[in-house]
Amino acid sequence: MASLQAARNLLRYFTGTKGFDSVLKQVKVLSAGDGKCTCEMEISDEHLNAGETLHGGLTATLVDSISTLAITTTENPPGMSTDINVTYMRPAKKGDTISIVAECLKVGRTMAFVNVDIFNKSNGNKLIAQGRHTKLL
Amino acid sequence: MASLQAARNLLRYFTGTKGFDSVLKQVKVLSAGDGKCTCEMEISDEHLNAGETLHGGLTATLVDSISTLAITTTENPPGMSTDINVTYMRPAKKGDTISIVAECLKVGRTMAFVNVDIFNKSNGNKLIAQGRHTKLL
Amino acid sequence: MASLQAARNLLRYFTGTKGFDSVLKQVKVLSAGDGKCTCEMEISDEHLNAGETLHGGLTATLVDSISTLAITTTENPPGMSTDINVTYMRPAKKGDTISIVAECLKVGRTMAFVNVDIFNKSNGNKLIAQGRHTKLL
Amino acid sequence: MASLQAARNLLRYFTGTKGFDSVLKQVKVLSAGDGKCTCEMEISDEHLNAGETLHGGLTATLVDSISTLAITTTENPPGMSTDINVTYMRPAKKGDTISIVAECLKVGRTMAFVNVDIFNKSNGNKLIAQGRHTKLL
């Protein structure tokens, strides 16, 4: 519970700045702790590409930021990204609710590695995208 | 020249929607044609992470969208992303001007592959990040 | 059971050629079916890098080939690779037995996407590496 | 010249062990120095997949090992891999000669980042694959 509140506070802090994380202001943290963080977001106009589906750049931003929340639940600093990859499997559309599940694969002294799955709750929980994020702590 | 104007019009169209591409509204197209597109952007508050450097999610969005502009200069449709990766090498800060250079490695009948280099014009043109984008046409 | 035998036969066929897959001749298929394939291998001298740990190139080869076995359990052809990525988390040494778990994330009409986890059975089943493979079918 | 000879000696040392690098015994170093290393290899039976084209696992091994040679030309240790990615663009066949060009993007105190292009000299120098390798030094 402590880490759930901490993750919510941290996300609020991120999205409350004038910075780029304000694009995540519709994201809600559902659970957080032990290197894992689960969020959800309803897709609205501001999340779409010109083809009216979830923008790949926002998907990558979710991989980046929600994996960082997962790392912070391990009492580690957020670190600096070295590598991100995202594989896109299915489109998602306005009105769909997606869940973002970030899970630390390893958090060592020097590096952290996080997998992120993004599911479509409005479409049978099918996998929309999967990403991996490597950070130098 | 025709493709430069076309790329400018397309980027304007993207960023003029209510969608996510509006985060790219400070991007300027410098050149475009023959599978290559070069842009620049001055980093301002809205592009930063909580550590006050260029946000990795925006970097990934630049890889996504500017590579797509490069593909469209080859008279192909923008396609659908299958994979994106980004390697982050150096931070960049508010006030820095970055250049984004997207170059198609191959545009075939089915797939397009684009490399994107992002340099810091305000710091000796050093490489900030490099990404690769694979799309199904 | 049918698909287990089919996967074993296919791997035997691969490793029995004069080709590069002969590097996988120590790999055993433990289970296969429904888009998933689990294998194991004991690490010996021929699998090591100069630092005497499991070679990253062999790890990538396992991601490549075992994910392809997983795809074939779905009654699809093996396809052609477009992208592979591997994240390396822990070294493994001579004598360790590793398990390789490949699971299709999506097999569509055009593209297949597979995640591969590699664990060290001799070290608490800890994750050594994770990779993802995208193929055009 | 000193670093060319050093790279040749190092590759010879790698391929002369009982380890996995022996799969690279046909690779020749053409030039090496200042964070760059260029090699070539003629494709023979032992490099092929079941479809009789250059095996993706060997391509990834080339990305891994030749980028490491490039790092060592900067007077740094070879380091430990954290991430590798490879994008496959064109097949190559038996008898083709490929060139492998590894170039360090950045070698810092903690991390090294290397791009690797693989061209087909027997087919108009077309790009077969591109990879990127991130190492912790």
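A, B, C and D label the chains in the order they appear, each numbered from 1.
Just so it is clear, a residue touches a chain if its C-beta (ideal position, glycine included) is under 8 Å from a C-beta of that chain, and two chains touch if they have at least 3 such contacts.
Computed from a predicted structure; not experimentally measured.
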{"item": "Greatest separation from chain D - chain, by CA centre", "value": "A"}
{"item": "Comparison of B-D and A-B by number of C-beta pairs in contact, larger one", "value": "A-B"}
{"item": "Length of the line joining the C-alpha centres of chain B and chain D, rounded to whole Å", "value": "28"}
{"item": "Cα-centroid distance, chain A relative to chain B, in whole angstrom", "value": "21"}
{"item": "Contacts with 2+ other chains: residues of chain A", "value": "82-83, 85, 87, 113, 134"}
{"item": "Residues on chain B engaged by chain A in the complex (per definition of touch)", "value": "13-14, 17-23, 45-52, 55-58, 60-62, 64-65, 78, 80-88, 91"}
{"item": "Residues of chain D defined as touching chain A within the complex", "value": "82-83, 85, 110-111, 113, 134, 136"}
{"item": "Residues of chain C touching chain A in the complex", "value": "83, 85, 87, 89-90, 105-106, 113, 115, 127, 130, 132, 134"}
